[in-house]
Amino acid sequence: MARIIRASVAQACTAKFSLNETLDKLERLTRVARDRDGSQLCVFPEAFIGGYPKNSTFGAVVGDRALAGRDEFARYYAAAIDIPSPAISRMEAVSRETGVFLVVGVIERDGGTLYCTVVFVDPVEGYIGKHRKLMPTGSERLIWGQGDGSTLPVPEKDFGSAERPLKAKMSATICWENYMPLLRTYYYSQGTQLYCAPTVDARPEWQSTMQHIALEGRCFVLAACQFAQAKDYPDEHFTTTNLSNEGIPDPEKVMIAGGSVIISPLGKILAGPLRDAEDVLTADLDLDDIARGKFDMDVVGHYARNDVFKLSVNAPHT
Amino acid sequence: MARIIRASVAQACTAKFSLNETLDKLERLTRVARDRDGSQLCVFPEAFIGGYPKNSTFGAVVGDRALAGRDEFARYYAAAIDIPSPAISRMEAVSRETGVFLVVGVIERDGGTLYCTVVFVDPVEGYIGKHRKLMPTGSERLIWGQGDGSTLPVPEKDFGSAERPLKAKMSATICWENYMPLLRTYYYSQGTQLYCAPTVDARPEWQSTMQHIALEGRCFVLAACQFAQAKDYPDEHFTTTNLSNEGIPDPEKVMIAGGSVIISPLGKILAGPLRDAEDVLTADLDLDDIARGKFDMDVVGHYARNDVFKLSVNAPHT
Amino acid sequence: MARIIRASVAQACTAKFSLNETLDKLERLTRVARDRDGSQLCVFPEAFIGGYPKNSTFGAVVGDRALAGRDEFARYYAAAIDIPSPAISRMEAVSRETGVFLVVGVIERDGGTLYCTVVFVDPVEGYIGKHRKLMPTGSERLIWGQGDGSTLPVPEKDFGSAERPLKAKMSATICWENYMPLLRTYYYSQGTQLYCAPTVDARPEWQSTMQHIALEGRCFVLAACQFAQAKDYPDEHFTTTNLSNEGIPDPEKVMIAGGSVIISPLGKILAGPLRDAEDVLTADLDLDDIARGKFDMDVVGHYARNDVFKLSVNAPHT
Amino acid sequence: MARIIRASVAQACTAKFSLNETLDKLERLTRVARDRDGSQLCVFPEAFIGGYPKNSTFGAVVGDRALAGRDEFARYYAAAIDIPSPAISRMEAVSRETGVFLVVGVIERDGGTLYCTVVFVDPVEGYIGKHRKLMPTGSERLIWGQGDGSTLPVPEKDFGSAERPLKAKMSATICWENYMPLLRTYYYSQGTQLYCAPTVDARPEWQSTMQHIALEGRCFVLAACQFAQAKDYPDEHFTTTNLSNEGIPDPEKVMIAGGSVIISPLGKILAGPLRDAEDVLTADLDLDDIARGKFDMDVVGHYARNDVFKLSVNAPHT
Amino acid sequence: MARIIRASVAQACTAKFSLNETLDKLERLTRVARDRDGSQLCVFPEAFIGGYPKNSTFGAVVGDRALAGRDEFARYYAAAIDIPSPAISRMEAVSRETGVFLVVGVIERDGGTLYCTVVFVDPVEGYIGKHRKLMPTGSERLIWGQGDGSTLPVPEKDFGSAERPLKAKMSATICWENYMPLLRTYYYSQGTQLYCAPTVDARPEWQSTMQHIALEGRCFVLAACQFAQAKDYPDEHFTTTNLSNEGIPDPEKVMIAGGSVIISPLGKILAGPLRDAEDVLTADLDLDDIARGKFDMDVVGHYARNDVFKLSVNAPHT
Amino acid sequence: MARIIRASVAQACTAKFSLNETLDKLERLTRVARDRDGSQLCVFPEAFIGGYPKNSTFGAVVGDRALAGRDEFARYYAAAIDIPSPAISRMEAVSRETGVFLVVGVIERDGGTLYCTVVFVDPVEGYIGKHRKLMPTGSERLIWGQGDGSTLPVPEKDFGSAERPLKAKMSATICWENYMPLLRTYYYSQGTQLYCAPTVDARPEWQSTMQHIALEGRCFVLAACQFAQAKDYPDEHFTTTNLSNEGIPDPEKVMIAGGSVIISPLGKILAGPLRDAEDVLTADLDLDDIARGKFDMDVVGHYARNDVFKLSVNAPHT
């Protein structure tokens, strides 16, 4: 009898950086995953809560930061969430009510620093852990701090029942963290089976990395990218790239094009990639495909060379 | 003034496991790379010298080995080459006469064990190093030993002139070794720029791994796969998979379909992928693309998290 | 007063790869060793729990793996046991109830990789350690990973009483590991006295290796081989070698013929070799025979040449 | 076309410890190997030149040495040979005239110490090396010193012709040295193919060790044991063990019973074991059997675990 | 004010190879050294604990070992002590209670091999180190292994008080080790001041070696020899040398005649040599005599020729 | 048939530091050895030619040297001999005429430096080598330089005939050089059999060192000491120690008392020690005693521990 989990990824964006509206959106999409598709799990994109300030500079140049940029940061800071906080409670409620396990990209505020974080929310236990992005890319380094080894959880969730358990381990890797071979190796070594990859990278070649990871790690990859248009941003977030080809501000202009996808441990595309639209993608994940795949490739088991390569990980609280 | 190396990958197979004929083929293809395409470097596939016994079982089942399988191994063993040996000298002569740097997959014999090896042959210095595949895949484990940390060279070659040096570092990663994240990380850490990937994996999804590596490592990827038909195998290498769909032995039957490709450090396909034919692919490699790519992604530099992940490598003689 | 341990080896096989039935069999044979023969120790063969898929190919040929082979692996994977797990608890109960120390070959599941493992189970302390086979042989390399230096325990067990201690050190070496001279030397250096050798090698020449090891290591050798017939395998484990000489599927066909034996430190055969039957072999082991033997041969003591040969062992957690 | 060497072992003893008569015997037996059997190689037993003083005590007890024992040693010392010396020249002449490569056990004198040595004598190059026994056994420690890492040669000999080379590597391991696992491992690592084992151990269980080594090392084993009767010893070598069962000095009494044998790399007995007679044993050695055997077992190649076990050898001059 | 240590050597033997009785004897003699003579240090002979099986052959002749010899070895093996063990604890108690530093010859059991060892036991710190005899003599090679460079300690002991320290360095050299010039040189180079020489050599010429060493090393020599009669051996240790001149077993027959002695760094005999009796010898050792002696002779200092002779010592753990 | 050399040591002193008279004395004593005792070899004491300026200070104090001392040195310098020189020729003539091999202590002049040297003079080949004392003792350091590794010869001399060779190796060690364990070890390693020890040390305890060396090296020791009275010194060599007990200059006063001795390899005194007289001592040296002795002790062969102690010698021209 097949051991199958039904899982979704939501391709969507922040609602004009408004926390409440975005939480409403999260609830709505979670219900789509559940009611329409029968999902038990739903992954949301990077920075879904808090927002991804695409194309902003925050007024920074080498050697100087404009005051307007400081103001922009103050606004962005105010829109982030603490953990725990009412926003987390709201997500817990959504999960509890729908029975859908949530993996959600958020902007986390901790003291004076923001982090690009993913939270894991269980229908029964509520919030159970978070991962902070280890290394921001490019100008993200102006606004986000770096996570560390204390937030690399690989929680195990039983998606089955007492009579028929269906346990699976999950992890979260955000955007270009997916290029970090040592982080991936660590997650593989912890036994991740549902490799969640929230992102805002909508380049076509991103697909090759997602497919490669499924094959390399012999795990399911659930890649959730934002789909965002100019109109999805707050008004004060005006940049020249919002212009149409004719140079006119164009609210329909696509800012982040999507590309969400679900892939099997043998590299087979199960759903997506979805481009240029907001939607929920869903697929059946046959957990036995992992053993089928590890038969000839287990980079942290029979295919490792521990005598040649030794990876030490400083992950004290995980 | 652009700093460009012209480089090729040869998509071809062993000539019926005949050493001399295969060396002739190597010379012929090298001359194509040089005379037709003006190349300075040519990468040949995995096991090009010695042969890849596709679909053989060597008489092995769990718990037993048939005597015929031992005989098959003894023939395969006899067809392999020592390093050094006259076969290496012949490659040195080809390289010297054509001026083309060669990266060639060979089956290496060392004592009682065979290794799937890649040799580096310089037009001036001759043989300068080798890489032994670290972990054979599936049934390869029956016939090949495991390399270790002593054969992970990253040689540097000056493809320019005294007035205008054009140095580049090279590495070799064979077939599913390309799935080993720690091996790749090691090569990145040693500064590989021309990431050579000889293989016999002709699945379409192999392309995603090649493209991913270029993006992850910010290096040129030169992937050389075999193209082999049933008629390219020795007569005694008969297997049921040589049959046509009608069940008749079909000498034209494609055994390994190719898929050779050359990719830039930003993931752009420069040549190929070539399928279902023997040929030489060539591209211009602009070395400055590497710095362009490392600007925002250097997984062994500014994008690493050495405080969280530490990779120790036991590579004593490299 | 002689210092004697009574010890057994069980020659038997897995019950159609069924975990519960095989554990029942383990209990039954342990009770035979105890009730009929008065044994304090019983060694079971390689892969007794989990099964030895004799003559399977798992659909692997050089360069390819059939999907049916992946399915077979997934079934085999599901039949393996974690450590700890209820199966281990069951063995602990059998040992506790009978007072017999158990040395049992199992197929261990750890993440995506299977290992050919031996567990040591003490009547009082329960599970106390395991050894993972270091190097699978032939097609075993397709299904089992490699153990390493962290699972080379040499536990000491007191088979006597508080008033009259009777301590002995034990080790486990699985099948062709017995050909690894450096592994054996390591065990000798750790003082192994009861050298347990679970195997599925039933060739007559295996006896010479068992006798040689007793003489080389001046230790008792307890070699337990499987005895298995075609009918002992699950129905889906069908292979052409199950056929009778007339080419008809023959449930009585002997798949693994046994050859279990117990040998003294001076090379004397104490029990067996037993062939072509399931049974328990028992012998009295006079511990003073070890000193009698080491008198003129101690390859890790007075007969070593540490100035010429130095063995370094990477066994960090042992 | 098969690659076959014809090789012999001579089962014989020293002629009353007389150097000249023993050299005559060596010549006679070498001619038998050549003229009768067509051999290219002949192995002679341990201490063939110089003699094995079976059952002597040399007057030693713990804490004392009798003067008569010192005299016995002085005689034994005088009967040993230097290297080089006229005795070596004589062996070179025998080898040159017959074309038979000789591997001969001798007692070597070097300064004040005797060594149990084996010399390699080539028909063309003459004496090419020697091995000194590393660890004398039991009372041998009273009369022989210990060799060291400087005399562990593994010479390669071409038994073929310029048109058709037939190279093979040889080693010598004397008597209970064959129980030293690290010495054997070293020889395997150097590629020994003709593993010569001169001995005086005539116990039946010695056969298991010879067969085991062939299987472990995947090499041909050429075991040459002495056959000696009381009458073969000098008159002053009188010991109570020379007596018949009736207690009468019995010149026919068997002192060393033989057991010479030739075994293939897969453990097959090719000639012998010969007991209770002097003779020459001969067999055809198919060198391709080594590759057939290494297919599934190469303890210094694909079957080694260099990450777990590292053998360092102090063999400076080899 | 003179810097004087009062030191003793005990001339005695093992009590019929009985461990407990011999430990009682050790305690009794230590109390004599302390109560009668006021000693701070007491040296006991070679093999005092465990016994010296004078005149035994252990059934060994060249090429054979009798079974009765193996039994004898097994008994001797059983009588030896592990380190640590209750016997060591008993010595620690004796030292602690009497305040006498002990240097005691023991037979040490380690795995399958026995060593002729000397232990250093401090009144406060207990057991602090051991030296294993490097090279057994004659028939000792049948029963004892060889120590190595890891057990060459030169511990320093303060025989004074906090207000008035009186530190001295000690070493142990057993019996004919005293003939090893390189070992002695090593000890001199480590600064030994109290050169302890436990032995069983009772020849008169032994005195010359003891005196020579004091002069050569400019150190105090404390030579402790056994005094043993036939009656001191276990009954099963019967040898023909136990006979009186009339050929009758004579329990009074002297087996080891003693010769213990204490000598100053300038070769002056301070106490002894004592022959043909059991007793304790005591002398005052004026530490300043060492400097007096080194004024004109320091073979590891101003009298060395390091440009001509270089001694390398492999003593890793010392 | 015994292999015996007859050898002598001459106990005598320099004739008032007169070269010619001393050479006359050398001839006279050599003829005594030959004509009276039938010797083939004669050893003369340290500084026999040139003189040993017993009790001189050469006017040296710390920080100053008196002019009279410089004059004394000039005289002493003038009395020394060059090598070669007429004095050497004279010795060659004596040796040739008598057939006695000479080992003679001389004061050698080389440029501005004097050395305490021993020369070897062969009846047939004449002067064949020399040894310079490596380390002068005490005030000798004011007048003699240090030899080095280039003058450590161990010449071999055939004392037999063409039909019956009787080869023996010799060495020379001067006075307290005999305390240098590494120098002795080197000589042993070179195979010295006739260990010549010219000296001026007449203390009784010197005997223990001579006896020890014979036992340690298993060689014959030929110790030749001067016997000198006050009258044997030149008149200008006046010192207060020349006085009788009554304080009157006493020409009979014994300045160096002798103690020459010849000892066998097993420590047996063969001749001497001779005290308080000038004479020649002679003994028969049975060369087979060396093998008898090395039977149980060969500190550079079977009794060495080359794995623990390695002696490197810088002896380039020897």
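Labels A, B, C, D, E and F are assigned to the chains in the order they are written; within every chain, residues are numbered from 1.
What we mean here is this: contacts are C-beta pairs under 8 Å (C-beta built on N, C-alpha and C of every residue); 3 or more make two chains touch, one makes a residue touch a chain.
All of these numbers come straight from a predicted model, not from anything done at the bench.
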Averaging each chain's C-alpha atoms to get its centre, pick out the one most distant from chain F.
A
Matching B-C in over half of the residue-numbered contact pairs, the equivalent interface among D-E, C-F or D-F is D-E
Whole-Å gap separating chain A and chain C, where each centre is the average of the chain's CA atoms
47
Chain centres from averaged Cα atoms put chain A and chain B apart, in whole Å, by 36
Report the inter-centroid distance (CA atoms only) between chain A and chain D in whole Å.
71
Find every residue in chain E that makes contact with two or more other chains and list them.
58, 60, 65, 138, 142-143, 146, 148, 314
Please categorise the chain-chain contact pattern as a line, ring, star, complete graph or other.
other
Touching pairs of chains, all of them, please.
A-B, A-C, A-D, B-C, B-D, C-D, C-E, C-F, D-E, D-F, E-F
Any idea which chain C residues touch chain D in the complex?
134-135, 137-138, 146, 148-149, 152, 176, 179-186, 205, 207-209, 211-213, 215-216, 267, 296-297, 299, 303-305, 307-315
Quick check: in the complex, which residue numbers of chain E touch chain C?
58, 60, 65, 69-71, 73-74, 77-78, 110-113, 142-146, 148, 314
Interfacial residue positions of chain D with respect to chain A in the complex
305-308
Write out the stretch or stretches of chain C touching chain E in their complex.
189, 191, 218, 288, 290-296, 298, 300-302, 306-307
Can you tell me which positions in chain E touch chain D when the two form their complex?
52-58, 60-65, 138-143, 200, 239, 241, 256
